[in-house]
Structure formats: C-alpha cells, structure tokens
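Naming follows writing order (A, B and C), and every chain is counted from residue 1.
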Amino acid sequence: MSRPLRKLLDKAGMAVCVLLLVSPALLFFLWMLSLSLKFEIDNGAYPPILIPDRFAWKNYTTIFEGNSFLLYFWNSLIVTGAATLFALLVGVPAGYGIARMRAHKSAVVIMIARMTPGLSFLIPLFLLFQWLGLLGTLWPQIIIHLVVTVPIVIWIMIGYFETTPMELEEAAMVDGATRWQIFAKVALPIAKPGIVVAFILSVIFSWNNFVFGIVLASRETRTLPVAVYNMLSFEQVSWGPLAAAALVVTLPVLILTVAAQRQIVAGLTAGAVKGG
Amino acid sequence: MSILASSDRVAGAASVGRTKRLRPSYWPFVVPALVVVVGVIVFPWVFTLWMSAMEWRVGEEQRFVGLQNYVRLATDLRFLEALGHTLVYTALSVVAPLVLGTAAALAFNTKLPARGLLRGIFVMPMMATPVAIALVWTMMFHPQLGVLNYLLSQIGIGPLQWVYHPSTVILSLVLVETWQWTPLVMLIVLGGLASLPTEPYESAQIDGATAWQRFRYLTLPMIKPFLMVAVIIRSIDALKSFDILYTITQGGPGTASETINLYLYSVAFTYYDIGYGSAIAVVFFVLIILLSLVLLHLRQRSAWNSGDGK
Amino acid sequence: MASVSIRNVRKSYGPVEIIKGVSIDIQDGEFVILVGPSGCGKSTLLRMIAGLEEISGGTVAIDDRVVNDVPPKDRDIAMVFQNYALYPHMTIADNMSFALRLKNTAKSEIAAKVERAAGILGLGPLLGRFPRQLSGGQRQRVAMGRAIVRDPKVFLFDEPLSNLDAKLRVQMRTEIKEMHQRLKTTTVYVTHDQIEAMTMADKIVVMHDGIIEQIGAPLDLYDNPANMFVAGFIGSPAMNFIPGSIGGDGFTTEDGSRLPLGGRVPAASDGRPAVYGVRPEHFRLADEGLAAEVVVVEPTGSETQMVLRPLGVKAGREDRKRELTWVLRERTGARPGEVVRIAPDPALAHLFNPDTGLRL
C-alpha cells in the first residue's frame, strides 16, 4: 500500500518540479496569447481575465490591414534570408579552411566580434551606407546583419569540421580528388548536421535583430521587430493588436525553437563552452 | 668525406626549399569570409577609433581634436551615471540567472518525462524576439492594468511602480533579463553536468554524503569551469543589453535606467554627435574586453584549481 | 604495377627527426611489409609514399619517377586506412567507385570494375548498403575493394587488420594474400604484428626508431637476424638472450655454465664477451645441458611453453629477463619447481656483440 503511494507521490513531486521549471516561460507566452485575443475592455479589466468570453480575432486581421505588415514581413524575410545564405556561402568554407589550417588563433577575431556591441558597428557602417547612397534600400540591413550571421556560421562550422575525421579526406586525396572535390563531395556532406545548426541559429539571431533596423530602416525598409516597436511608439494602438503583432513577429522563431530544440541546444552550448 | 656530407646536406636543404606543398592550401576557402570580416567587422573597429579623435557632427565640418572627446567623457556626469547603471545592471543580470539556471540544470539533469519538449519550452524566452517580449513585459508592468501587480496583490504585496519609478526600474529590467537568459545558463551547466563522471557520486553515497553535501563538495567544484563560462557570456551580453532596455524604458524614467549602450545610442543617433559617440563606443569596447580578460583569467585559475584536486 | 624506390628518406617534425634516412627497393609486384614497434615511424613512411606527408630529405620514386612533389592524387596509388575511412554518406558501391567517378570514367566501365572487385571480395549483396550497416570485417573488405577498383600502381595498407578480432584477422590475412597472388600489385603493408609480417610478406622491412634494422625474406630474417633487435622482434615467443663470453670452443654464461657453439667459433675471439641467442623452440632435453628450474608451464595444446629459471639465478624482478623460454612440441609432465636440464641446438644458435647488438 505504501509503495504505490510513494511512487505516486514521487510522480506528483516530479510533475510539480517540471511545472515550476517551465511555468515562467509557459505562463508568459500564454498571457501573450491571451492579450492578443482579447478586446480592449477585457484587456483593461480588473482583475485580469486569462480566457475571455469572446475572442478578438480581429486583432490579427487589423495588423495585416493597416500597417503594411506584409511588406515588413517580406523585408524581414529578405534581410534574414539573404544575410543567412550569404553567411553560409562564405562562412562554411571559412570554417573548413580554419579548421584544416589549425588556425585557431584567427577565431579570436570572431570572439571579439561577438563581444563588440552592435552599436559600435552601426556608427561607421551607417556613415558608409550614407556615403554610398544605399540608405532607403534593404542593402544596408542585409550587409550589417552579416555582422551577426557570419561569426555564428564560422564559429559553429569550425567546431564541426574539427570533429570530422581527417582520415576520410586523406582517403579522398589518395582517391584522386582535388581540394574542391574533397570539400564538396566528402567534407560538406558529412558536415550537413552542422550546417543545419548554423543555419537555424543564424536565422533566429538575424530575425530577432532590432538595433540595426531602428537606425538603418526607413518607412519602406522596416523589418518586423522595428515595425512592431514603431506600433508602440507612434500609433496609439491598443494592447490587443500590439500583442497580436508581437506574437506574429516571434511566432516563427518560437516554432523553430521547439521543433529544432536539439540542434539549437547543440549549437549554443558548443559555441558557449568553447567560446569561453 | 665531410665536404661530401655537407654538400649533401645543402642539396637536401635546397630541395626542401623547392618542395611545393603536397597538401592543398586552404586559403581560398577562407578568403571570401576574410573579405567580409574585414569589411563589416574590422573596418568599423578601425574607423570608430579614428572618428573618436574627431569633432564630427552629421552635417558639419569634421575637425581633428585628438583625445578631447575622451577628456570630455571623463567629466560627463551623464556618462558616469550610465556607467554605474551598467555595472549594477550587469552584476545583477549575471548573478540571478546563474543561481536560477544552475538550479534548473540540476532539475533537468534528472529523468524527466518529455525532457526534449520541456527543454524546448524552457529555452523559448531566450530565442524569442526581444522586442516582442519586451512589449508584453511593458504591458505586464503597467501599474494599474498590469497582471504583475494583480498577482502581487493576491499575496498582499504592492502595488509596485515597476519600470515607472527610478528606484525599481533597474530591478524590474533585471527581472526581464533574468527571465530571458536563465535558459542559457541552464544549457551551459547542463552540458557540464552531462560530462561529470558517476563514480565519485557512487562512492560519496557509500560514504553517506547527503544530497546537499554531494552538491557542495562534488558537483559544484566539478562544474566550476562551466559556471565561469556562463559568467563570462552572461557578463558580455548583459553589458551589451539593448533591445529590452530600449523598448521598455528608453533609459527612463529620466535617465534612471540609462546604460552606456543606451547613452551611446542617444549621442550617436539622436544628437548625431558621431565623434563623441565613437569615443563612447571605444571606451565601452575596452571595458568589455577588459572584463572578459579578467574573467578568462579567473576561469583559467578555476580550471587549474579544479584540475589540481582540492 | 610498379616498382617503388625509397632513397635515404628523412622526415622531421620541427627539430625532431622521426625517419632518419631510410632506403628500400621494392620490385614490381612485390609484397613488402614494414614492421616495428609502435612509434617507430612505419605509418609516417607509408604516408610519405602516399604523398600525405611531405618528405624532409631523400627521394621516393614510383616507377623511376621521383614523386616527392607529386600530390597523392597524381601518384596512382591506393591506400587502405586503419579505420577504413569509408565515406559514411555514400553507399558501398559509391564508396568503391568514388575514385573512378572523379576521373569521369564511363558508367559501364565503373559498373564492370565494381562488380569484379565485389566478386573478388564477396561484397555483391552489400553494394547498396551504407558503411554503418556493415560489420567490421565487411567494412575492411570494402576498404580493400575501394583500392582494387582503382587498379593502381601500388597498394598501401596501414595496419588494416588491427581493428578486427583475432579469428577474422587470420581469415583476412589469407584473403589479402590471395588477393595479392591474383592481382600481383606492388604492395606496401604496415603492421606491428610480426606474425602478419611473417605469413604475408615477400620481403620484410624491420624498422626501429626511424631506421631500418634489416630487410629480408621472412625466413631469412628468422634464420639470420642481423642484430639483437631483429632477433628479438621476429619470432614468437621471443629469442632467449644469454649474456656471457666466448671461450675455447664454446660459450660460458655469466654463471659459468657451458653452452655449445658447434665449432662455429668466430676467429680470434677467445674470452670476448658476447650474447648467446637461442630461440625457445631450439632447446632440447640433455643430460649435460643447463640446469634450470621450471617456473611456469603453459600448454596450448599443440605445443607447450615453459618459463625456466637457470639455477644460480635468484627469483626476483631484476632477474626476470635472465629467465629462459622453452617451447616444445610434445606434451610434458614437468611441473613448476622441478629441475630440468636443457641444451640449445648449436647449429641454430646465434652470437651477438653485446655493445653493438650486431651478429658475430
């Protein structure tokens, strides 16, 4: 009798523990969802209401009507997509080269770049873009997002290529492959999981970036985080649509996080533990 | 005989010199990235340094002023105040996630059902778009309508002014930062816990050590290097924190939560005082590097100590 | 097929010289095995032949063409690695045809060659699988198949069997040997297992600390070792070395026992210190022989191996190396503690200079 009881208690304790762990995250995002689905009256109610009687679906439709939200979504997609693809294009081979040359010292540059506040890249690049007459297009943002994406990709790929066995590439050398063939046909296919990790993290950090946008974006070139921020400051929008917009902005990232949590954890801790 | 030998050696040396590399050179793989890194990372560093020695406002003549911007910084009370805020904010934003993240890692290190999914949810705050979550926090902080004050009233506390009062604004922001970044500490420590050997625990259990003693005398010393990594990363990120602060308070009320990064933003992009802004950027950068070096040094020592046994 | 000639080859990593001037001539179609203790530089030498390591001095020539500066892909060699180095993302067929595909060989020719190699190695049913779906022995065969398909001038093997269990190792040994007899491709094979060397090689190169101790046919090395190192390295269990001196027409051990030399006394060597070397299988029971106490008896079924302690040698750690090993074909009732008298066959014994290690 006492044994099953104890097992039950253990299970209950475990459940409580688990709930405690994830509740700050879970409750926050639930509240965010709740805010986004309530009419203004419900959002202003005291005591607050978690689940309203009527859902304000129109909060979601309004943000797509009035605010060129689709354009901003498109901008975000272009900036993140271009910055990530370009980073993969140059960063994957670079990670390979650095790993194979055992030029670990060069990774220090990447680390310092990671330490540098984004704003200190902004001042000089802002002036450069102004001088080049690029402001008002998406190019400045695409280029400056490389500050985020390129180091991530290089960093992760160095770690990945270092763990792939050299013997395979030597076998390919003996088999008659040139260095490009070795890279393309042996090293790259084996490093695919690493590329996936680099891709996911690069996308997330680029998508989330805010500081580059508030300086470089004009009305037509805003990315989603900037657009949402501007909703707060300039157009006196009520809480419902604002929360809905915020949720729309971050939803792709949240879905990616839960779906690819294993890759994300691997990438973050690999970078972190080695990065120290 | 000896002449022969030495000429032999010379010939050998010469042929070594002529030997072309059998292994492919890997430079071509690196060059494109090198160009990008020089263009968007190294060039801004150098250019910032140069600008910091100029009197340079957007739309006006530029003038070389040497160290004048730095001298001005040393007496700029608003900068010194921002420096203080930054240090307080950073210290709190390191310690709180460190403690909570370690505790969470210990909990996650057990056999949880659906561990992957739970970890995914737990990690969401740090991956979510900072501006988006900052907006929601702003609503939650609202003194009259916010859910936080309602929750506090349920346990008989409050109401607090949260980010609307100078005395609580920094703590409130630290709360957000902690909520956001505890997961990262958890992941790092979890990685450390996974690498621990099991034998010491078994022998400690036989020796009759309590759970707390096992944590205090086994786990803690063994994960110390990982904790140091977490401290380093957390320090850098907290120093650089921008999105949350800018979205929720913009440094307010007044300048009560203005950090160096926010001040830098105002100087450079509100007042367009490029030269002075660059000087702040340089000082800020040096501050971050110095702190990182100190922490790295400490980590080396902690790793050495833990390697030493006691 | 090709000859390989290695002339005074050296290799240094920084100030440390790993290969200290090595010369080997390998004839067309020969199966040459490099043996030596771990760390003596066998792999390094092999990798220099392959072009995976640069050569610090001397020359390597394949078919009379010096290839020092020729990258591996242009040397027309195939190599089998210790861990097989199979491409994990390719099927077995793709693994085997990779080199041919790089050379844009016609599809039909590739198919024919892969099929032939698969036939030789019995890999037919596995061609569609991935390396991770194979057993160790099968992977080993694929690695060889990859080499065969190339039809290269030279095969290079670096300890290809060391990851297999004992039984499989014996089997693969035979297969490699058969393969060589069939294809007659010049082969350089590295191992630290002297049994592999003895059973497979046409010619063995014994290396030690970056130099060559001796080159010769297996039985030649066994019968006529050039020095104590080779004598001790080739043959299992290892040769017994008994220190003493030459006197009259025989050999006097340090304890004063006499061992026969069978009239092969080197000239003008009376009283000269020497080491008497005799293989464990070259002792026989003899009334006038060395008296020794039986320490351990190890029957293996087909033969019996005994450790003997000559009377006068104290039991103890430092005298362990003065104990003798005796292998006899017949079974024996001898028990530990008994004293036996054994004598070496003088015709098969060797004398070594204790200072230089060279055979007298």
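Odds and ends about this structure:
By definition in this document, a contact is a pair of C-beta atoms (placed from the backbone, for glycine too) under 8 Å apart; a residue touches a chain by one contact, two chains touch by 3 or more.
Quick caveat, the model's predicted, so the values are computed rather than measured.
If each chain is drawn as a node and touching chains are joined, the picture has every node linked to every other. The count of contacting C-beta pairs peaks for the chain pair A-B. Averaging C-alpha coordinates per chain and comparing to subunit B, the farthest chain turns out to be C. Between the Cα centres of subunit B and subunit C there is a gap of 57 Å.
Averaged Cα coordinates give subunit A a centre that lies 17 Å from the centre of subunit B. Those residues of subunit C in touch with two or more other chains are numbered 51-52, 71-72. Along subunit B, residues 23-24 each make contact with two or more other chains. Annotation for subunit A: residues 173, 178 touch two or more other chains. Contacts from subunit B toward subunit C in the complex involve residues 12, 15-16, 18-24. Against subunit A, in their complex, subunit C makes its touches with residues 50-52, 71-75, 77-79, 81, 83, 85, 87-89, 98-99, 102-103, 146, 150, 156. The part of subunit C that touches subunit B in the complex is made up of residues 10, 51-58, 68-72. Note for the complex: subunit B touches subunit A at residues 23-30, 32-37, 40-45, 47-48, 51, 104, 107-108, 110, 112-113, 116-125, 127-133, 135-136, 138-140, 144-145, 147, 150, 179, 183-184, 187-188, 190-192, 225-226, 228-230, 232-233, 236, 239-240, 242-243, 246-247, 261, 264-265, 268-269, 274, 277-278, 281-282, 284-285, 288-289, 292, 296, 299.
For subunit A in complex with subunit C, the residues that touch the partner chain are 165, 167-168, 170-178, 181, 185-186, 189-190, 192.
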